[in-house]
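Each of the two complexes below includes subunit A, the first together with subunit B, the second together with subunit C.
Let's turn to the complex of A and B:
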């Protein structure tokens, strides 16, 4: 309401002063509306970006609207489907897994930015994810390179040193979990049984996904998928995890020390560093790898997202100008959001900046950003396709069966059958 | 047939008076219903439609998720509606007793849940049935269970919670109908029965229930429709989980439209399944009620 009202006021002001429309568009104060889902992370980086833009354009304002992620995605999808563009933002954040779904389902709803941005300055895989029929639609934002975040002080109580966490397999991590449980009584990892994040991380770490490069289902008879489900089953039945439900309970678990570690994308840094009193007590190790799988590595990806401008945006020109002049230009900005929010941008020139090379006292003086950059380069590229949501749902439906020790082949066959049925 | 000018002008005026209502009804009811029927024959991803004939109906028969959603919905219907209506009848009868102390308070208390916000009560139920919620704590203190029950992540208990939640919310609503109908029953019938020495249970069973039959029919049709369209509670409590154990048809329609790669055509087909089910079940209820009366 407020946004609409103020826009009407602007329009009225324009009409009253009788200035020609063209010059007003350049001079009048614009309010850019943005939808995203994390006040500590993408919301905070957007605010930071805009504060830099405001220094040059003092009249403009931004309105960052934060939603719960799934709610925001469903709201966007419902509204795009309705065809009514009133109430849509100027800029929206979309997770990489879902980008192609939106681009293909709602043609001409998003603004191609190919003519505004030099995409050779962004990580190629991010550009690829937002490209359809030769047009690229996004300003690539963050990478979801994964790491194993742990409380070094709590693991030290169990006699675990950082060296023991380097380049290990999942089964070695399970053994470490058992030691930790025995010595400290703490479950090593919080796991939400209604999310397939862990299986997705394992799949991509070995260069696999629910689908192959052409979008064919690769679930049944995929050795990586089988290894991932088996590893997840061993993890869940080893007694070293605690079930959590929902995001708040999940993040609360490791930030309060109820569990000494978690396994997530680099963007989790923002949530962890929000607890300043835990400075120096955290460490980051590379992701574990799948045992006995060809192509399995110690690098994977979880999430990662990009900014999109809507074709219907009332402040479209302004939004594009803002995104290109900060997000596709300002190297210094990327240093700041890296240190403050743990946002590992995919703007390549920013990698040469100081912050990327600095060590971080919060993580015990380790050069964590350099490590993440190294792991980032090692992530196997996969095609997320357009049906990741369906495949996730089919997988999550089987998690109770996996956790209760069900037959892995039967479970995989059930997931495969459901996904094949759902993707027509 | 010749018509007087007056009659014709009255007829035209009559239509003009109802026209605004008819136009609105046409735009907001008839048009969407016909359009969704047309949609249910469309296939394609997102906004790219093409005519698919019976493709969506074929897809229905082979869709394990649809069958799961259908069986969950029927299970909720078969379990929840009878429990709720019997409870409502029981409460109505108890609160109809003019000698009961504080019955105004009890009536309000039992009716109150159905005016609370769906979202608010679902959130409260979610916290009551959390792993360290009040439900588990009470049961643990009473030594009825050894370990806390994982209400919302166990398929069986998640269904129990959903059934409990909707029963809690809608019992009072149905009770009000029964209560109103009971107050219309002539007291002299009960008086005559009492004089003849008819026991209380028989007065209830042979006088109250038969006289309430039209209202019972009405509430069972309304409740059947409501349960077939069940969405809010499951979406807020469990999102259809765990393992699709509480996935309902309406939630599946929502997922098909707004969570998955949007298949609006197929979603419209699933919504017509609900329409057909409501039609069939209502018809059965009418036939059953008629038979008994004869």
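Let's turn to the complex of A and C:
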């Protein structure tokens, strides 16, 4: 009996010594800390940017900490709310849809960069979404410029040529879908009925959103919103889509050829190109535009993110100097990350570089990057506001009603009411 | 024996049990099969073992400082378990052995606190840790979890079966209270300790939200946090994630099977 307990006591003693020995204090070296969420994408581009900065400033170091995206947001939010700035990074990546939420909920937590950066060199919509009260806070990073990705070989079986897909409307796309369904039996598009992505894309393509520039709800009595819901309803009821649930099934459907196309942000390129055996069988067209809507265009956006400097950052000056001297200046850097990470930056002068002009054999020899960057410059700027998530939830809740052919005006009224109730 | 109605009933029972077994085992099966497939195969829904297991393991081991991460996880889970058991068993012992006017009120107050969700405590707790200047340390992870109300409750319930004659006899033999606890109570209650070890170790090992908030650097990350970062990114490698999931599950499985017999005893009541 005594033997057991003395062993317990020893274990405990060893353990207690352990905890005091291995308590690690925060490193005190002068280095820039960055939080982001993809080791192969935004993390890798940050490392590349810093390697260029290091060539001029050899003593500085960078520390890129990768988190899962939702986890990083939770962590950042908890810490900003607590007001304790210990351990916050110098630079943090924030998704564009959430930018205003952070800027408005935690005023003075982020550093305005207006006096350091010439924002006219970045895509206007990216600048707008990070601007609050005349101050811009971000270094814009990747774009979510949208495109219509299609399997040219499968569409050719139905007699559809790439020319027929250029600068078309959604209703023309629906007609193409019917032809494809008839000739090949394949549904044209996979749709995730638990996501409002496509409604958002349609809204922004016509320069509209759930909210206006002042943050007022613009759902009811918004002709663009009505057109988007009606178009979505026509898409869903035309029998040319197949429902998918979740990311895996969604990407699986068009990479396996169960559907011959999808409609997504430029970042989907990496997922598509991961299937090397399909090289030469893909094409990209501009995203379709809404029919009969004033200001509707063939350029829109889905996702994207930007870098922000925290006001409390221990290496604030260094972080700003690093961001402005690489991210807002180095055209060659943008060529490198485009080739290596498939990251389409929103720094407009980068378009004139080699990599942007190159043609891509995977997409049948088209200069896809230059196409994307041309569309990118045309994306209308909208105010994502601080309640985009709430509006998304309200919209998704009505998707079953939209799909089953419900009355569009009633559906819109219901979405409007729910959003207003939630954001009071 | 050959009563047809009983036979049908039996068949129904087995059918239901098989279904339940399938539902519980399938995720595990999927994890193991997934670990041996490439990401592309998993996306295509391939449900048979593939040949990429070794590749996935190599990629997993190289994706972060494995020694450091495992050390963090084992230290936090191990030490957390020892400290929680110590504090909670003393509290449970105290609550049951010593009478006082406020005993039940204090205990009721503790149980009420069980209903406060952690999300509500998270931010004040973080501010507290920031004031104590212990953010990004092992202490910050351990301290809030040591006084686990549920485990105190569990020990108090188990202590009800501890014969007070044993304590009286020990007193007559001249043992002090701490000696009684150490030399009589602890050995007698070992099944309860074993069951609590499984519960606390699993909870600490899987703990995610609080370590996520309070640990800042890669050197401090636990296995759970590290595996979660594998899922970061726009094109996650599902095969590697499955290997990570297995690595994160294995220790709790081993602990469970090692202590399984005692666990069942502990659940049934420690003292026969």
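Definition applied: the second predicted complex is superposed on the first by the 269 of 424 C-alpha atoms of A that agree within 3 Å, B and C clash if a C-alpha of one lies under 4 Å from a C-alpha of the other, contacts with A are read in each partner's own complex, and residues count from 1 in each chain.
Everything below uses one rule, namely that contacts are C-beta pairs under 8 Å (C-beta built on N, C-alpha and C of every residue); 3 or more make two chains touch, one makes a residue touch a chain.
In this text, all values refer to a predicted model and were calculated from it rather than measured experimentally.
**Q** Just to be sure I read the superposition right, which of the two partners does A:65 touch: subunit B = first, subunit C = second, or both, or neither?
**A** second
**Q** In the superposed arrangement, which partner chain does A:271 touch: subunit B (first), subunit C (second), both, or neither?
**A** The answer is second: A:271 touches subunit C but not subunit B.
**Q** Regarding the shared-chain residue A:132, is it in contact with subunit B (first), subunit C (second), both, or neither?
**A** neither
**Q** A:413 contacts which: subunit B (first), subunit C (second), both, neither?
**A** A:413 sits against neither subunit B nor subunit C.
**Q** Is A:256 in contact with subunit B, with subunit C, with both, or with neither (first, second, both, neither)?
**A** Second partner only, subunit C.
**Q** Does subunit B (first) or subunit C (second) touch A:193, or do both, or does neither?
**A** Touch partner of A:193: subunit B, not subunit C.
**Q** Between subunit B (first) and subunit C (second), which, if any, makes contact with A:38: first, second, both or neither?
**A** The answer is second: A:38 touches subunit C but not subunit B.
**Q** Output check: A:156 vs subunit B and subunit C. Expected answer is one of first, second, both, neither. What do you get?
**A** The answer is neither, since A:156 touches no partner chain.
**Q** Does subunit A have more residues touched by subunit B or by subunit C?
**A** Between subunit B and subunit C, the winner on subunit A residue contacts is C.
**Q** Contacts for A:331 in the overlay, against subunit B (first) and subunit C (second): which applies, first, second, both or neither?
**A** In the superposition, A:331 contacts neither subunit B nor subunit C.
**Q** Could you give the residue numbers on subunit A that contact subunit B in one complex and subunit C in the other?
**A** The overlap between the subunit B and subunit C interfaces on subunit A comprises residues 74, 78, 81.
**Q** Going by the contact rule set out above, which residues of subunit B touch subunit A in the complex?
**A** The contact residues of subunit B facing subunit A are 43, 45-48, 59, 62-65, 130-131, 150, 152-153, 155, 239, 241-244, 255, 257-262, 264.
**Q** Per the contact definition, I'd like the list of subunit A residues that touch subunit B in the complex.
**A** By the definition above, subunit A touches subunit B via 70, 73-74, 77-78, 80-81, 101, 104-107, 193-194, 243, 245, 386-387, 389-390, 393, 396-401, 417-418, 421-424.
**Q** Please give the residue numbers of subunit A that touch subunit C in the complex, ascending.
**A** It comes out as residues 1-2, 4-5, 8, 11-12, 15, 18-19, 22-27, 37-41, 63, 65-69, 71, 74-75, 78-79, 81-84, 86-87, 248, 251-252, 255-256, 267, 270-271, 274-275.
**Q** Within their complex, state which residues of subunit C touch subunit A.
**A** My answer: residues 40, 42-45, 63, 75, 78-79, 82-83, 86, 122-124, 126-127, 130-131, 133-139, 142, 182-183, 186-187, 209, 212-213, 216-220, 228-229, 231-235, 238.
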